Structures are given as C-alpha cells and as structure tokens.
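Chain naming follows the written order as A, B and C, and within any one chain the residues start at number 1.
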Amino acid sequence: MKKFTSVSDVENLQQIIKKALQIKENPLSEPEKGKGKTIGLVFLNSSLRTRLSSQIAAQNIGLNVLTLNAAQEAWNLEFADGAVMNGDTVEHIKDAIEVLNQYCDIIAVRCFAGMKNKEDDVNESILSQFEQYAKVPVISLESATRHPLQSLADCITITENWKENRKPKVVLTWAPHIKPIAQAVGNSFAEWMQEMDVDFIITNPEGYDLDKNFTKDVKVIHDQNEALKDADFIYVKNWSSFDDYATMPEVKENWMLTNEKLENTNQAKVMHCLPVRRNVELSDEVMDGENSIIYQQAKNRIFSAQAVFSEILDKMNSK
Amino acid sequence: MKKFTSVSDVENLQQIIKKALQIKENPLSEPEKGKGKTIGLVFLNSSLRTRLSSQIAAQNIGLNVLTLNAAQEAWNLEFADGAVMNGDTVEHIKDAIEVLNQYCDIIAVRCFAGMKNKEDDVNESILSQFEQYAKVPVISLESATRHPLQSLADCITITENWKENRKPKVVLTWAPHIKPIAQAVGNSFAEWMQEMDVDFIITNPEGYDLDKNFTKDVKVIHDQNEALKDADFIYVKNWSSFDDYATMPEVKENWMLTNEKLENTNQAKVMHCLPVRRNVELSDEVMDGENSIIYQQAKNRIFSAQAVFSEILDKMNSK
Amino acid sequence: MKKFTSVSDVENLQQIIKKALQIKENPLSEPEKGKGKTIGLVFLNSSLRTRLSSQIAAQNIGLNVLTLNAAQEAWNLEFADGAVMNGDTVEHIKDAIEVLNQYCDIIAVRCFAGMKNKEDDVNESILSQFEQYAKVPVISLESATRHPLQSLADCITITENWKENRKPKVVLTWAPHIKPIAQAVGNSFAEWMQEMDVDFIITNPEGYDLDKNFTKDVKVIHDQNEALKDADFIYVKNWSSFDDYATMPEVKENWMLTNEKLENTNQAKVMHCLPVRRNVELSDEVMDGENSIIYQQAKNRIFSAQAVFSEILDKMNSK
C-alpha cells in the first residue's frame, strides 16, 4: 500500500481485514516494524477516536509519533494556489507539507469539508494538496468526502459480527442532526460496502441523496421503515444535502433510530462512527442496548489504523 | 489499589508514602512495569504540574501515555443523563468514557468543580460518571471536591521534612484570592491529614468553613494568628465559601501569609499546591524564603503519581 | 555547552556544524545518550518547525520529551517581578520555571518579542528569567531578539551548499510584510554570519536598520539591487523597525524577492526560515524554483537541535 485515502488504495480488502483481526489478537506482534520512522498526525479539525487510536496503533508498531494541532499550535494556513499572502494566512499548505516531507516518513492528515463551497469539498481542496505535494505516503484521517480508516474499521466490525452462511443485509440510514455536517462518513461507508460481500442499501429522506460518485448503483430508499426491514446491520449517520449543498431540507418523518424501529429488523446490529448525538440521531435505549456494536467499532479503529500503517511500512521496507 | 480518587482508595498510607520515597531514590527501578499498557490522561481543565508529573511518572514506569485536552482537541461534552443532544454538546461523556475503555488500561481525568451548582459539585457530577462507566482503573487528576495525587505528594513532603520524635502541628490556612475557586485541595488535604500521625487544625475566616464531610472533627479556628502558633507545617490555600456556595464573603483581616506571621510558629515549613498568586495568597518573601518547601512538593508529584500507577499496575498484573 | 541561547554559547562553530552534518548522515547514532533524561519544550508562541524538529531530535537521542503549550494548557503567566497578582495572571514565571527545574533535565523555551515595549524585548524580559531561575541548561526555541537553533541550521545549510575555494557572499535582505514582526531571525542570522567564513552584508530600507548590538560592523546597504549583485546566498526575512520600535515606516520600492532580482546574483541560493508569506516576501517562482534551499534549511533544523542537545548532554554526563 503506497497511500491510504480511499478504498481504491486497498489491493485486497479481505486480506487487510484478516490482517487487522490478527493484529487485534496480538497488537504487539510487530513492535519494531516502524523503528526509526516517524508518522506525523496533522489535525486541522477536532478528533477523539482518530487521535487516540492512531497514536496507539503507531506505538504498537514502533513508529515515532508527532501530533500537530495545526491551527492552534502552528500557523494559520493558506490553501489557495498562487495566493498573494497579504491577509490572515501565515503559511501556505504547500510549504507546510514540504516541511512535513522533511520530518516524517508517513503523513496522516485530518481535513474536514469546509461546507461552504461545494466544488472545494468535492475536489478535496486540502487532501488533494497533500496527495500532490507529499513525497511520503499520505493517510487520510478523514477528509472532505471520505473517512477510510473508519470504513475499514466498519468492515472489520461487520466481519467480526457475521457468522452466517449468507450475505448480511446492511442498511446505511440517515439520521437527524441540528446542523449541516459533511457526507464523508456516508460516502465512504457506501464505497467500502460495495467492496464487501453484503447486500447494501441506503435510506435517507428526499433531498439527502449522497453523491452518485460514491453510491453508484446502490439502491436508495426514501422510506426508512421499508429499508430497515430484515436488516442485519444498520449504520446510523447524519449528513446534509449534497444536491443543495450543505443545506438541511425539511424532513417531516422522525428518522431517529429507536428500539421500535429495530423490531422489523433481523435483530440488527447498530453501528455509528461516533461522536453521536443521543436522542437525536438515535435513542439512549439503542445506544445502550444489546444491539449496539458501536464501541466495538471504536476499538477496531486501532486495528484498522495499525493494519494500514503495517502495510505502508511493508511497502517502504521492501524498496 | 483498584482506583485512586480519594484517600479511602489507599489501603496503607504509610506504605505508599514509603514506596513513593523509594521511587524518588530510584525513579527508573521498574522501567518495564507498564509495558504494553496505556494510560489516558484526560484534561477537562488547565494543568501544569499534574500534566507533566503524570507524564514523567508514566514514562518512568514504562506506560504508554495518551494525553487529551478534551475541550480543545476533541468534542464538546454532554454530561446530563438522558439529554436530548440538540444543543452545543457533540458527544456524551458516557460515550467518551466507553471509548476510553476501549483504548486505555488506566484512565486519569481532571474535572474541576463547575462552581455554579453546589449539588453537581458535591456529587462529583463528572468524576462520578468516570467511576460509573469506566471499566478500567480511574485516577483523579483533581476533581470537584478532591485532589488526591496532590494530597499524597503533600504527605510525602511532610514525611520527608519531619524527623522529630513528636507529632508535628500542621495548619491548613485559608488565604485570600480574587475570585471564587474550588475547595478541592483544602478538602483533600484535610482528609489525608486525618490519616497521618499529625496534629492537624484548620484556620479560615467566618463563612469559609469547609464541608464537614471532609473536615469531620478537625478543629477549625477563625483567628489565623492563634492557629499558626507553634505550627510546624503551614499549608496555604484559598477556597470560596462552601455554605454560601462559591461566593466570597467579605474578610476584614489580612490573611496573606507573611514572614511576620511565621514568627510565632515553630519555624514552620510552608506548603502550597501551586499555582500561587504571589503577594495575594502569600508574600514573595515567604515564597522565596527558606521556610518554603513548595517546589519540593511539586517535585513529589512525580513520585506520588508513580507510586499510584505502580500499585494499580500491581493489582492489574496480579489478576 | 552549558546552555544555548546565542552564538556565544558555542565554543567552536565549525566543530558543531561538522557534528550536525555527521548526525545528518546517521541520526540514530546515539540513541541512548539522553536515556532517563527529560527535555521540556515550553511554547509561549506558535511553532511548526521548531516544535517538530525538536521532538524528532530529542527522540533520536533518547531524551524523553514533555511539550507544554503554556498559555492554552497550563496557566496565564505573570512576568513582573514583585507583582501583586490580583489580576488575570495565575502563576508567576519564576514559579513555573522552578517547577520545570524539578521535572526537566533541560528546559527549552519559545518566547517571542511582545512588540509592545522596546525595553522589555531588548532585555529579553522572558528568556532572561529562564536564564536566571533555571537550574538546568536552557535552550532558546526563539526569543525576543534571537533564534539560534535556526541560525545554526542556516550555518549548516550554507556549509552544505558551498564547495568553492573562496568565501561566499551572503546577503540578508529585508522583505515586505503586512504587519510588524520581530527582528529575532535577522539579528540572529547577522550574529552567526559574523562567526562564519563568509562575506556578509545586510540590505534593508531606510528606517529598518537592525540593532547595532547584533549587526556591529556589518555593512548595511539601502539599495537592494546593489546589495544582491554577485550574491551566493540570499537570506530573505522581514522585520519591523528597531529605531522606531515595532513600526513599519513606508517603503516605496518593491522589496519582494523575484526571479528577476536573482539575475544579477551568482545564481544565488535563496534561504528563508519559514513560515513565509508567498508573493509578499518572495514570489512563488523563487519559492518553488531551483535556487531555493529553504526546505533543506527546514530539514536541518533537526540536526541543529540534535547537535545542541548532544553537546549539552555531553557536558551534563561529564560532570
């Protein structure tokens, strides 16, 4: 693996899931693999799980870790190519990346969608610069349109929780929220599920269909109850409108996931990437109930990251 | 030791003080004890000494350290059980703790009193959730009503500085401040002194008596000069009113500790947990004078933390 | 080396440059040198390169690292001696330093010029307190008037890039900016160049002459074109007026470095400490062109720091 910013960077999904599960069995099995190498974790946005799980994964594998809260600890970054920097921005992202090239063997970056300019977000205005200017492997810690370390953890979690001899029905359901947030987790989960051996559908209100570039031919159902029927896994996540970008078209039905809605399912396991707004996206009873595998998902973020770091180090060490 | 949030978690105080002093002699005597284990240091509030001494202690003992400035680096936390999270809070403390359970072998947390709602503070509205939801040992890095790692360091410091064949007289004296701050250090010191072989009294102005649940039968004197007479140790600390919660009843006398006030003492050693407001709580001459053992106290924070980590690891490793 | 706050702390400049270049060849050649010792990196200001390169250098040499963003993570500091601390400041710098003495074997600090009071800045009102109160070696991570780790990296970079049998002509040129910033990098570069075997001149607009205490007898030319003629190295940097302190006297000519201006030079290598305001201080074409050795300079910050840490540890270990 040369970099990790989407599912297309994974050569063999089943193999990396298997590797992650082996790492979970024995997280300290390769304690020297990253020895003498440094990973830079660059946060342009808040992070709990990604921050901690990436650090643990790096430590487990012997990588030195540099964590940078870019906005608070370093300088206000300019992202526009050719900018005359006579305003508030102090350092161009190109220069920051080139400096990280000097200091790091792997660069991991979190750069959320700005939610202001659709084109900027669709084109990954920040991550694309990391991909363009970084001379070392780049790992996404969630970008404008994708969250691949989360999606890999999701695949690991589904694999762990499915032992039957048929494809599970996996439903990605939109959930309510109080402000417009990005489609990254939804897009990414849709992409990865298409690579998994599952029956995958999406349900969301009218006006909330995700970008077709990610969902492709996946069936989208606008009736949540119909969609959830016989589900084996339900992935709960809010996103704002893609078509009328970053808006929140009115939704009349109540899309919050409740125990009542689980009744029509095949005792579906409930997933969420966290953080979750309790009693808005899903009810306390679901969150704290037996169907939730949400914390297990969070734990698997360690092994998702460690499997990716390990494969990237393999590639580097084989040169 | 299963957890460490108050003196009642200590089985044998003299023994842990002895252990801490042995660690001080040779801080790197157990460099592998925490190997492969991770401590999460979660800060909901500012910290200098606690932050650095905990990191050093963890490193000395071979623990991996994850430090999280929760508010700035992660998400705005919700603390109310059952909340409909349609406001400013993004993640429920229950979920954050459950995720920390997945990532950490020990969780240490700093969660000051909010100073707005007496009941919330008295009931340790935040720490109590860590105690309830954490599945790994919890260590307090100062909570609403206690600061046990400080108090243990205080016991270590008094032990180091007392060689006579009689009980020392230890006086906890209130000091002036410019805004209402918590009673945690005062409460905690009072609790721990009751477990030490010392003569302990408290002096504070009328209206500033600490919570009886911590001070119990300890004598409280409202005349500072009388209280300080023949003192061997003076612990200086401000706190706001407990009865008229978080207010600052007017105080007419000058309670700042000065060299003049030390004259009536038995060349008392002066203690303070830091940070201290110079020339408000105590004078420069006291702070910089020969009676101060305040920096020694600060140093002992390392060994206080390391002794606690060590005992908790002993318990974990013996399972 | 007992401390490192200016060029005068270096006994033999050529020798430490040589050492840094050896470290660059093999950064992990002394992995245990700092074992069991702790360096505290205290940031009172933003930092990217200094923060990361110091951490890498410390890790390479086996030092434990404690990083403290003092303002955000700890307490608001008081700097005035004798202050009655009844205002916004919570901890006196003297006390913070004394606590760092208890926790660290080396203290490194970044404390920029306040740019409000000339006397405070000239007298290094903050760094001087570290030098006065620290009982362990102090390293400047850039202070009010100097940036010695940068200057040492600059010397390393010039050495790497000069193979001819004559002294190179090195020109420090002022560059435009949009707000008044400190003279530290300019002062420091001037000091260090006077210790190097180079022909060194400075060019800046009228009203922008640096403090004579740093530039001494170095020739200052107010015509940029004349100064750049036949230059081998050009160091680009803005600073505000020293005479009319922290102001920005009007400048009519365009001082931004462009490829056109490089034509009169001896294919000069271009240097800058970063962060740089593109198309204000220098043009994109210069920054991204073949003459720039700016990222190499950034990389050399690691070896500059590591050489200094190594020499300081040598001194400590020889006691």
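Please note the rule applied: a contact is a pair of C-beta atoms (placed from the backbone, for glycine too) under 8 Å apart; a residue touches a chain by one contact, two chains touch by 3 or more.
The chain list, named the UniProt way, goes like this: A, B, C = N-succinylornithine carbamoyltransferase.
The structure presented is a predicted model; accordingly, all values stated were derived computationally and were not measured.
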Same residues or different residues: which describes how chain A and chain C meet, taking over half shared numbers as same?
-> different
Go ahead and align chain B to its copy chain C using Cα positions, then give the rotation in degrees, nearest 5.
-> 120
Note: chain C sits from chain A at a C-alpha centroid distance in Å of 39
Shared-contact residues (touching 2 or more other chains) in chain B = 72
Residues of chain B touching chain C in their complex?
-> 28, 43, 46-49, 51-53, 55-56, 59, 69, 72, 178, 274-280, 284, 287, 295-296, 298-299, 302
Can you list the residues on chain C that touch chain B in the complex?
-> 36, 38, 40, 64, 66, 68, 70, 72-75, 78, 82-87, 90-92, 95-96, 98-103
